[in-house]
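Consider the two complexes below, in which chain A is the common component and chain B and chain C are the respective partners.
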Partner chain A sequence: MPGATLSRWTMSYFAAACVFLVIGQGMMVSGYGYPFADIGAPATLALVHVLAIGWLGLLMVGALLQFVPVLVAAPLRAGRLALPALLLLIAGLLLLVGGFASLGGTPGMAPGMLPFGAFSLVTGFGFVTIMLASTIAAARPLPLPARFVAVGLTALIATVLVGGIFTLVLSGALANDTAIALLLEGAPLHAALGLGGWLTFTAIGVSYRLLPMFMLAPDSARATSKAVWWSGVVALALVAACVVSIAAGSAAVKWPLGLAALFSVSATLLYSTDLSRLFRERRRKIVELNILASYAAFAALLVSVVMFALPVTRSAAGEGAAAVVYLFVFGWLTGLGLAQLYKIVPFLTWLECYGPVLGRAAVPRVQDLVRERRARLWFCLYYGAVVAATISLFADNPMAFRIAVLAQLGATSGLLVEFARARELSAVAAPLRFPAGAPRPHLFLPISRPQE
Partner chain B sequence: MTTAPQTPAPRELDVRPILRGGGEPFQAIMEAVNGLKPGQALRLFAPFRPQPLFKVMEGRGFGHEAQELDGGDWEVLFTPKPSGAPVAVSAAADNPDTWPEPVEHLDLTDLDPPEPMVRILAAAERMEPGEVLFALLSREPIFLFPELAKRGHQWAGNFDETRTTFRIFVRVGKPRN
Partner chain C sequence: MSEATNETMCDAIRDALRMIIDPELGRNIVELGLIYDVSVEDGGIAHVTMTTTTRGCPASEYLKEAVRNCVWYVPGVEYAEVRLTYEPAWTPAMMSA
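And then the complex of A and B:
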C-alpha cells in the first residue's frame, strides 16, 4: 500500500544532531581547531567530523528516514536498523574524535580508536544505506528527487570508505605507499565527496520535493532539474576518478578537479534558476519563515560555490579555502538544515499528536506549534553571524571569528529551544493542546505503538 | 501496492435532450468528465459529430472512438489513455468500481498541507459507513493513506493525466474502537 508513516527514530536522530551542532560550535568558540590550529591539525579534524558526521550526517539520515518514503510513496524498508545505525554512528564518531584527540596529544586516548571508529561508522552508514537504498529500489520509475538521493548515498559510501582507509594509515595499521599517498592527497577529495556529494546532492534532491510541497508549486521534473542531476553526477564522477587515480599510484592530476568545479558551478546555477522558478510559480502567496530561511541558505550555496571556483576568492579564503568552506557548511548546509527543522519538527509533532484524532476533535494548526516572530529573530541573528564569521576568516581575524561563532551559537541555541517547545506543544493554547485520544509526544524518543 | 487500472463501466451521458431544448451541453459534459472514476470512460450521445470536443478531451488525456448511429446521431466513447497514472488502492479496497456514487465532493486543491488531510478525515467522520467521498488535491496525500487505513476506510486514487491534481475516492468503513 502506498503511503508514509512517521519514522520512529527521526526525532532521536535530530536531537543527537542538534547536540553535536552545539558541541561543534562550542569547540570553535573555545578556540579549538581551525583557525586556531592548522587546517590539517588533529584538532581541526576532530571539529570537522563532529560537524560533518555528528550534526549534518545524523540530521540528513534522520530526515531521509522520514522523507525517502515520501519521495517514493512507499513505506521504509528494514526500518528496524534505524536505532542500531544511530547508536553505531554516535559510537563511531566518538571513537573517531578520541583518536584524533590522541594524535593531538590528549592523554588517555589512543590512535587505535580511529579504525574502530571508522568500522563503527562504516557499519552504521551501511545500515542506513540498506534501509534507504532498498526503499528507493522498490520504486519504479524512480522520481528525480530519489535519483539525487541514490547518488548521494553512493557518494556517502565512497566518502566513508576513503575515510576508513585514512584511519588505518593514521593509526599505523596500514603503511603501504598507495594508502599514504591517498591520505596526503585525497583529504580534499574526501571532503568534496562528503560535503558536495553526500550532503549537498541529497539536500538538493529532497528540496525538489519539499519546496513544491510547502509552497504549493508545480513539482514536475524540469529539464533544468535533470541537468542539475547530470552536471552533479559528472562533477562527482570526476572527483571519484581522481581518488581512483591516486589509489592506482599515478601522479595526482589537477585538470579533472578544475572541470569538476566547473560542473559544480553549472549545477548550482541551474539549481538556482529552478529555485527562483519554484518561488515565482508558487500558489501559496504567504512565504513562511522556513522558506525564507531556506532561500538564505540557497544564496549561501551559490555564493560559496562561485567563490570556490574563482581562483581569486579561493586563494583569499585561507588554507584549504577555509572561509568558503565555512560559508558552505554553515550558510548552506546548516542554514538549510535549521530552516527545514523549523518546519519538519512541528509538522511531525503535529502528525504524531493530532493525526489519530483529526476530524474527531478540534486541533491546532501546524503553525500554531511555533512562535514565528521569535524564530525570525534567531534566523536573522544566525545568518548575520555566519556572514560575520566568514568575513573574519577572510580577514584572518581569529578573535572576531570567535565572537561571531558565539553569536551563531546563541542563535542556534535559541532555535533549538523553539524546536523543543514545538515538541512540548507549549505554544498551543491549553484547551487544544491534548484532545482526548491524542498521544503526548516525547521530546526525542518515539511513542511506543504496539500496533505498528 | 499498485494494481493494474481497473475498468469500471463507462459513464453514459446523452446531450441530445439538452441540445433539443436549446441548451449548451459543454458544462454538463465537463461535470460528467470531472466525476469520472479513475480509469472510467465516458460514453456520449450527441445529434452530431462533436468535433471540437475531441480536442478538448485529447488535452485531458482521453482518446475517442466515434460512430454514427441509425438516424444520424453519434455515439462517442472517450477512453482515458493508458498512459495516465495507474490507480492506487488501499489494501482493503475491493473493486472500487462497485462503490456507490460519492455523497460528498471536496475540492481541496488550494489548501496548504496538511489541511486537505484534516478536511477529508473530518468529512469521513460525518459520513455513514459505506458512503463514498470524492476529493481533489494538489498532491498525493502520502500521510493520509495510513491514517485512512488505520480508521478502517478504503480508498482509491490517482493523478489526473496532467499530473497536477490527485483524485481520491474514500469509502467510509465501520467505526473501530
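And then the complex of A and C:
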C-alpha cells in the first residue's frame, strides 16, 4: 500500500528546534543582538541563525520528513539520512555561531569555524534535500502542495549556497571581488530566499494539505491556489535573478526587488482568500486551538508582507525593516510553527502509542491528549507579546522590547511544557492511558521501527 | 451460506467495526463512511473495502490493521481480507449525520 508511516526522527528534530527557540529568545532577553547591536553585527548574525536554522529550519525539516510522504501518498525515500542530517545541521549551526562570536571578539573562537560550519550545513541540508526531493520526484502527477515544497527546497539550496560563500569571505578564505560584492549587497537576498522562499513557501504548501485535513474542508487545488504558487515563483525568481546579477558583476538594480515585493503581496492576498474560503467551507464546526492559533499567524503574515511592501511602514520599521521582519518571523513563521506543533505532537504521540492497539482496546482521541484551556492562555500571551515587541521596535524602545520578549519566552516555555505533557499522555484519563500492548512514547527519541 | 446468514454476518462485522475510531475526528469509522463495502464468502471469508479521510495519512496502516483484527474476531469469520482504496476519495459528505 502506498502511503506514509511514522517518521522516526521527527520528534527529535522538534525537540532540538524548541531548544534553539528558547536559546534564541533568551539571547534577546539578555540583550544580545539587534536592537542592542547593529543589524549586521556578529551578535545579530549569530542570533538570526540560531532562530532561522536552529528553530525554524529544524522544525520545518522535522515536519517535512513526516508530511511530504502524506502530500505525495508515498513512503519517504532514503529515510536513513534523517539522523545524520540532524547531527550535521546542529554541528554546523554551532560552528557558525562560534565563527560569528569570534568576529565579535569572543575569545576561544576562530573565524575559520564559519566555513566548516557552512560545509556541515550544506551537507546536512543536502541530505534533507535528497530525502525530500527523491520522495517528491517519485510522485506523478505532483499535487500542488508538493509543488510548493519543491520550490521551497530549491530556495533552501540557493540560500545555503549563498550563505556558504558569505562564510568564505567573512573568514578571509576568499577575497574575490564578486564574492565580496555578494556579501555586501546580497545579505537581504539571502534572507529573502531563506525566510520567504524556503520557510514561507514550504509552510504555505503544507498548510494547503493540513488545514483541509484538520478542518474537513475541500482540498481540491483552486485557481487562486495555483495563482499563489505562480506569484510566489515569480517573486522568488526575481530575487534569485538579483543574486545572479550581483554574482555576474553587474551593478545592483532595485526594480526587480520592488516587483518581487508586489508579487509577494499578490501571493499573500490570494493565499488569504484561500484561507478564508477553507475556514468558511469546513465541515468540522468545532474549531480547535491549533487552527485558531494558525489563523493568528496568517494574520501576521498578511500584515507583515503589506507593511514590508509599503515604503512608509518599511522605512519606519528601523534598520533593515527589523520590526516588520520580527513580526514575520515570530508572528507568522514561529506562530504557525507553535500552532502546528500543538496538533502534530499529540497526533504523532497518538500514533506511536495507540496506533498499534487500535481495534483491540478502547483508545482516546488525539484531542484527549491536550488540555486547551491552559494552552489558549499561552497562545494569547504569545501573540500579545509578539505585537508588543513589534511595536517597541517601531518605537525604537529596546527596554520595552526586552520585556515583551521575556513575556514571549514565558509563553513559549508554557507551550513547550504542554507539548511535553502531551508526550507523557498526562491529560489522558487513567483507564485509557496505557492499554495492554501500547508502547510508551519517549520524550523525543523514537520507539517506532525505521521507515526503511 | 444463505443470503440471510450472509447479511447477518455483514451487519455483525459493521457493528464490530464501530469500536474503531478515527483518531483525529473521534467518531467511529463506520459512521464516518470509511467502510465502503463488506462482504462474506462461503467458508467465512470476509472482505472489507475501506478508505481513510486523507490519502497517505500516517494512520492508514494502523486503521487497516485494526479493521483486520476486528473482523477476525467476529464469530463465523475464518479469514479477513481488508483492501484500502482511494477510489472514490472520501469526502465529508460521506459521513452519516
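Things worth noting here:
The definition used in the following text is that the second predicted complex is superposed on the first by the 447 of 452 C-alpha atoms of A that agree within 3 Å, B and C clash if a C-alpha of one lies under 4 Å from a C-alpha of the other, contacts with A are read in each partner's own complex, and residues count from 1 in each chain.
Criterion: a contact is a pair of C-beta atoms (placed from the backbone, for glycine too) under 8 Å apart; a residue touches a chain by one contact, two chains touch by 3 or more.
In this text the structure is predicted, and so the values were computed from the model without any measurement.
Steric overlap between chain B and chain C is present once the structures are superposed on chain A. In the superposed pair of complexes, A:366 makes contact with chain B and with chain C alike. Of the two partner chains placed by superposition, chain B and chain C are both touched by A:358. When chain B and chain C are set side by side, the one touching more residues of chain A is C.
Judged by the touch definition given at the top, the superposed model places A:443 against neither chain B nor chain C.
Once the two complexes are laid over each other on the shared chain, residue contacts for A:66 go to chain C alone; chain B is not touched.
Counting contacts as defined above, chain A residues 1-5, 69-70, 73, 213-214, 216, 218, 283-284, 347, 350-351, 355-356, 358-360, 363, 366 meet chain B in one complex and chain C in the other. On the side of chain A, the complex with chain B involves touching residues 1-5, 69-70, 73, 212-214, 216, 218-220, 283-284, 347, 350-351, 355-356, 358-360, 363, 366. Contacts from chain B toward chain A in the complex involve residues 1-2, 88, 90-91, 110, 112-114, 117-118, 120-125, 138-140, 142-147, 149-150, 163-164. Put simply, chain A touches chain C in their complex at residues 1-6, 66, 69-74, 209, 213-214, 216, 218, 283-284, 347-348, 350-351, 354-356, 358-360, 362-363, 365-367. By the touch criterion given at the top, residues 19-21, 23-26, 53-70, 84, 86, 91-92, 95 of chain C touch chain A in their complex.
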